[in-house]
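Attaching a single structure in structure tokens format; questions to follow.
Going by the order they are written in, the chains are A, B, C, D, E and F; count residues from 1 in each one.
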Amino acid sequence: MEKPISDFAPTDANRVPRYADVATFMRAKAIPLEQVGDIDVGIVGVPFDLGTVYRMGSRHGPASIREQSRTIKPVNFHTKTAPYDIARIADLGDAPVHPLSLDVSFEIITDWFNQVRDHGVRPLVLGGDHTLSLPVLRGLARDRAVGMIQFDAHSDTSDEIRGSKLNHATPFRRAVEEGLLDPKRVIQIGLRGSAYSADDYTWARSVGMTLITMDDFEEKGRAAVIEEARSVVGDLPTYLTFDIDGLDASFCPGTGVPEPGGFSMRDAMVILRGLQGIDVIGADVVEVSPPLDIADLTARNAAFLGFELLCLLASASRDKH
Amino acid sequence: MEKPISDFAPTDANRVPRYADVATFMRAKAIPLEQVGDIDVGIVGVPFDLGTVYRMGSRHGPASIREQSRTIKPVNFHTKTAPYDIARIADLGDAPVHPLSLDVSFEIITDWFNQVRDHGVRPLVLGGDHTLSLPVLRGLARDRAVGMIQFDAHSDTSDEIRGSKLNHATPFRRAVEEGLLDPKRVIQIGLRGSAYSADDYTWARSVGMTLITMDDFEEKGRAAVIEEARSVVGDLPTYLTFDIDGLDASFCPGTGVPEPGGFSMRDAMVILRGLQGIDVIGADVVEVSPPLDIADLTARNAAFLGFELLCLLASASRDKH
Amino acid sequence: MEKPISDFAPTDANRVPRYADVATFMRAKAIPLEQVGDIDVGIVGVPFDLGTVYRMGSRHGPASIREQSRTIKPVNFHTKTAPYDIARIADLGDAPVHPLSLDVSFEIITDWFNQVRDHGVRPLVLGGDHTLSLPVLRGLARDRAVGMIQFDAHSDTSDEIRGSKLNHATPFRRAVEEGLLDPKRVIQIGLRGSAYSADDYTWARSVGMTLITMDDFEEKGRAAVIEEARSVVGDLPTYLTFDIDGLDASFCPGTGVPEPGGFSMRDAMVILRGLQGIDVIGADVVEVSPPLDIADLTARNAAFLGFELLCLLASASRDKH
Amino acid sequence: MEKPISDFAPTDANRVPRYADVATFMRAKAIPLEQVGDIDVGIVGVPFDLGTVYRMGSRHGPASIREQSRTIKPVNFHTKTAPYDIARIADLGDAPVHPLSLDVSFEIITDWFNQVRDHGVRPLVLGGDHTLSLPVLRGLARDRAVGMIQFDAHSDTSDEIRGSKLNHATPFRRAVEEGLLDPKRVIQIGLRGSAYSADDYTWARSVGMTLITMDDFEEKGRAAVIEEARSVVGDLPTYLTFDIDGLDASFCPGTGVPEPGGFSMRDAMVILRGLQGIDVIGADVVEVSPPLDIADLTARNAAFLGFELLCLLASASRDKH
Amino acid sequence: MEKPISDFAPTDANRVPRYADVATFMRAKAIPLEQVGDIDVGIVGVPFDLGTVYRMGSRHGPASIREQSRTIKPVNFHTKTAPYDIARIADLGDAPVHPLSLDVSFEIITDWFNQVRDHGVRPLVLGGDHTLSLPVLRGLARDRAVGMIQFDAHSDTSDEIRGSKLNHATPFRRAVEEGLLDPKRVIQIGLRGSAYSADDYTWARSVGMTLITMDDFEEKGRAAVIEEARSVVGDLPTYLTFDIDGLDASFCPGTGVPEPGGFSMRDAMVILRGLQGIDVIGADVVEVSPPLDIADLTARNAAFLGFELLCLLASASRDKH
Amino acid sequence: MEKPISDFAPTDANRVPRYADVATFMRAKAIPLEQVGDIDVGIVGVPFDLGTVYRMGSRHGPASIREQSRTIKPVNFHTKTAPYDIARIADLGDAPVHPLSLDVSFEIITDWFNQVRDHGVRPLVLGGDHTLSLPVLRGLARDRAVGMIQFDAHSDTSDEIRGSKLNHATPFRRAVEEGLLDPKRVIQIGLRGSAYSADDYTWARSVGMTLITMDDFEEKGRAAVIEEARSVVGDLPTYLTFDIDGLDASFCPGTGVPEPGGFSMRDAMVILRGLQGIDVIGADVVEVSPPLDIADLTARNAAFLGFELLCLLASASRDKH
């Protein structure tokens, strides 16, 4: 018999001050994956950054995002979504990783997300570098290609770097090749900056992905981009991935490759609030590197984005019941 | 006989470099309250933060804001207001506080602002946590309810927290109950974020306050919100309160509960410049916590907002002469 | 039936990297007090700082010390003590506190340590400001006065501050008055700095406490001071309290009142290692204020001191079995 | 015989990771001025800040901007400009300065830019305080007045400060007086903040400069301001100067006089991209003070602006061939 | 008639919390030089750093040292000296400086210290870079050569740097040449580091100064060095100068040229306490650069050293009465 | 024909200020390895950190150490060694690394140090994590086992971590196994902290290494340890390796595993100065992680240690000529 939703309330700030006790995400209940049973949404850290080419540190991202999430109250003031009232939510801790081996890590992360899938849990993933979206998708999308909405300064669809096929510049090329993503149902929003060559994103376009640069975003406007995203992914299962460097660099000093000229937090939160109703089967927020951060600014923003993603996951879960 | 305005010029940067000497606000004249005699506008620190529920430190706000105000020149380039040419302005130092007792502090702060009122001084208050607006209003509004324009991410009209009726989530509920504020003449701008429940602000609306969320703000536009604020408070005496967390979190890392998605400094300054002509009887800028700040960013923004408030106070003073 | 010690091993870094998962102290097992049953040593946070007179923030101490303890391996290289091999150790989370009321907090903290005492657990307390040693002692020493070794720049035996009898300058005066401490069995080490008057510590001396200033410490030398401490407390139950400001200010920027000219970490650790064999019934490390810290330096030092205290507590527990 | 452009490729990130080796700007080739021969665009640091009135430190600007430019890839994603494919670009190191004498520094900097001019090189100058634009112009504009597009919170056309005619508040008054700038072809964008008096910019307007305040900028819109700038400078030789404090203070904590309410990085980059086709004979980005910076935020933004300027310089160079 | 000492008590922390009000040094009374009348010891800031060759910022030293001195209580716990009980002490504010001209600054600083001398005040000078000791001595020692005890990593007796005779590497060569210092009565303690050549300090030795390197200091021991210093300066008028870089670099990150391997704060404070009884006619603590500091560590140490110097000045003043 | 030593003078600070131009180590001449010809000592960065188990970032170490070395003057004040007067010294830039592959990196680093060996250059290596000492030794010690003096909190002689034989806990076990080190001629100084088990260092002792813990160091004293080190390595070729975490944690916040209770910088520098005369064939300073550093404290200390190592290398080179 399923446990009732009320069993999964986060710690009440009127009983335990926000600064007290160890921090799970939003002070949600901590339940290990092996004991999780029937829940709807699970928060998962993936402290993996071995796919990073330039500045590392996102292995410490999950701990920092959880710490900064202490401040978030349980109801979304703007959409009135109350995720803990409509879904059974728990913090499952971190997926396993190997500190020295990308290959071993990929294997054990994939295996773990296969179990997440087996439990029917929609995960909110806290990264970790962007490479990790690939083993997550290998679990969640193992039996059919899914759609994806990606917030990012970069497309992350390169073919390889110095012979390496698995790193944080390549995950979505691999995911398409492996049939995990349906490129026609993929939209990337926020692309900008400098490039290796004028054709950096030719491949992404050639397989049918929709690319929205920051110039496009400004020209079309926020509402139109929300509509376009909804239209690209439609009603079918969809993954959401938010690379924190999609934000303007002033909102994310603590990331490996900050790019000026991106989204404000207001932009990001409003767009995410506009995605209600999509069948979000999982989501991640990645590339938060606490050693590069200042005053926890980046991790705090990631926590707030994580909350918006959690609202989407909880709503999607309720809609499917 | 009144002293002339020219007696109250701030330190001239062409004579004493900005980095020299102890910092009063904008390097205004330092005059203790008991010697202040007939001035028009007085800068007052209230180093009080015992009403804080989560992250403290705003007791150090006044010292830090004064330090950061060294850089401000005496004339407002945008409105051409020259406060030191139209009003007698002095820095009165800090109001008294007790470091361990909220109750004693409330008593002595209230008493102090009663004296401020007795002197006919319009105060610019540097906080301190938002609870302090209550003892300030107990002094300034002791004989009639005033209007208020509040910039804030939160309404601060809760009833209580764990039995405490006096803390930084409740001051304006108390102020209405005590007849210090006329709720019909109160407008709150910038509300957003997460909430304890979907009805967090029911009370504020029920007593007639006007609430402008960030969604409203974006939809209406800056000019319309300025007009609405002017219309709500009208020509009668009005208090201005600026919780620094009304700003987007990227502008105020040094505050207890930063909320992404708020005003830019440009927004805030333009709105304040649009409030010329209102009978501003006092104003505060609060919730600046230097131990949480980085590179004095928050305190510097508070100093610039303080300058805009000073321009309004000086103009209001001149208009009433 | 008692659970075996092997049930209480901390997370193995060869299985889960140090940066993964939520941080309990040294990644010890997390067990709530109400489920704790029969353990020997319990780590407890007390996120309380309402007794602070100047710079606050130690309410965030427990979370930060736990985070910094990730790096500590389970065996003491110098003394060969392996606490997790000789005692059942768990992290019990935080004691309850009220964010706005010193009085309520004292009541519920005292009640909580009464339960700790009922369970026969020797606590390692992570603070929090120094006032908290009083409610801890009210629980642990409720039935007989205990001895105490205190590391501190200040004696904390003032009578009152502005009428307040309970604040971080007074706990050990109160503890003596309440019969919780036997002043003849109290030694304070590290006293130094500036004073309100030349007789600041007259009371402490008058009731029989042993005071070791930094001048004394330097003159006598480390080994002699260790002997003196052992001799003062003898074989009877003894509490250890380490105010982080006992360290030289360069080792603890993140504390309210840093005092230059104190212990090095080497001094502190060697002294603590020299206290093996004392019947340590509880211990605390206090006054770590993360908002004032830089690069987690102070919290990391507190974590290492906590480990030395844990070794003493585990040894004392084993000796009593 | 001229060397081919392909001889001047910057270090390839696919061969040498971005974090390796000493940092020239964008890892361009390092060639001393005396060996430079025939190149088109030269990057030059001017580590001079002796003209600073308030907070110093921009002498360290060139080193920090170069370090932060490691992350920039060689092609402009938005304009498709590939500067290293269309021009011979090298990093010439720093111009000479005297650490204690403004007068000597002016002399040797001027002499150095005379040589730059002799070589026909278009320099990208990394400052340094804004005073340095004057000796740069003395070299580049020695034989005819040029136009200028200035991004700045302040006009920098004061007459003197305490008897000093040469400091960072006066360079462009001097440049007009010396016939280096044609004031009719000068436009200043971003002016705002506080002023010494209501007529601070009377002189600038009186000689025919076009001044765009932030209020003007907001009212006209970005596209109109781009057109106005193009129209003011026309097809004749033009200098570009970007005082980093033209940006909103949240984008440049590391500058002497941060002013809130300015450009976002998006604004700045889009405007610069809109200036393609102008005959840019030289450009600078100034007032980056690393000791005041946090997490290299200001220097990184300066590096990105430097890249946009480099694209303009390379394009102008190609157009003139 | 002289005012009694009791008129010059600093602000009482039991009445006004340490974090309240504007910070003078130790919250001493603020009295401008022109009104100072008959006091014994005056605290003076000299916000001058135009003699700096490498990293600047000590112009902000006085403000930061004053801010950090809030924490110091009025009595020296170790020597039992109570400066405010034995001397009339006031904070005179800052000496005048010109922000762009070393020459003008020297003139007006000298003139100011001539007035200090005229008033018979023993100054505690807060710097500023080390060059400023020269104009201070030009005032204080105008009529006879004095002795000096210097704590410093460097001798500061170079002849010139690139033609400049006045900079922070040369003040004490100039002071000897001008007859302000009697080199036989000068002792320099703490010399170490790297040098331009093996004979860097030949001149200092040739004129009879006593030089104690860190190697000497370690070999002789603290007590012997104290005796040597006392013996070198004898009973005649003596100036004390403490370059903060005399401390080990870990105690002074916020200085222009930090040198590892120097004094601990314990060393420095114990030596200063050992100098009681010398006729200290003035003292300075210099080279604190707040923009380079972290968590105010350097400024705080300077404040504590300033307190020790204040005890010496007050004692010397009493002894001469 | 060999070039004279005078061709290899570093940049003169009297000509080019310390803050100017790109930073090589101590502003030595930059010469690529392939052009280096006949020099004696070469500075080499190895920006490699893929052997790190916990906190990364030392890939950025070489750039940061070089930047901080600007301040060092060319002569050692304590030993009178003038390295640039007795040896031909150049900065060779960085060894090649692969950002994603430990195995490829090992291969190309080894190959590079084979070339260094071929050129007869004694390298000063700037790391990078401690794993890199292995490929360095594979080059330098390819034909005979050498001795080694290691400064370190940890022995780095583990066998493996989770199956990985090559990481920063294992390099010297591998080096002994591969015949690169003669364990009888290896001494490790500074060992301390916590351990995985009581027999962590059994292997190191079993093969004949000499281990000096911090307890040993304190008991024996600095001079005796210097003698012991000299005696262990004798006159034969010897490698020096300085893991920055050998320093007390307060001197190296910017390292992966800071350990309190270690050497002061004074200790470290005096010991290194005591090693003159040993045949030092190469040396490294490793584990400096700039993203974890504060105010460049760790990198600056590494630069000063690098200078002491450079003096040893230059002296050894001269002695062998």
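Worth a mention:
In this section, a residue touches a chain if its C-beta (ideal position, glycine included) is under 8 Å from a C-beta of that chain, and two chains touch if they have at least 3 such contacts.
What you are looking at is a predicted structure, and each value in this text was computed from that prediction instead of being measured.
By the residue-number overlap criterion, the interface of chain C with chain E counts as different, with under half of its numbers used by both chains.
In summary, the interface at A-F recurs among the listed pairs B-D, A-B or B-C; the equivalent pair, sharing over half of its contacts by residue number, is B-C. Annotation: 40 Å between the Cα-based centres of chain D and chain F. Here the spacing of chain B and chain F, counted between their Cα centres, is 56 Å. In chain D, 17, 19, 53-55, 59-60, 98-99, 161-162, 250, 292, 294 are the positions where the chain touches two or more neighbouring chains simultaneously. If you check each pair of chains against the touch rule, the ones that pass are A-B, A-C, A-D, A-F, B-C, B-D, B-E, C-E, C-F, D-E, D-F, E-F. For chain B in complex with chain A, the residues that touch the partner chain are 53-55, 161-162, 191-198, 200, 213-215, 218, 248-250, 253-254, 257-258, 260-262, 292-294. Chain A meets chain C in the complex at residues 16-17, 19-24, 30, 45, 47, 59-60, 62-63, 66-67, 91, 93-94, 96-99. Within the complex formed with chain B, the chain A residues making contact are 13-14, 17-19, 71-78, 80, 82, 250-251, 264-266, 269-270, 294-295, 297, 300-301, 304, 307. Chain F makes touch with chain A in their complex at residues 49-57, 59-60, 98-102, 161-162, 164, 167, 289, 291-292.
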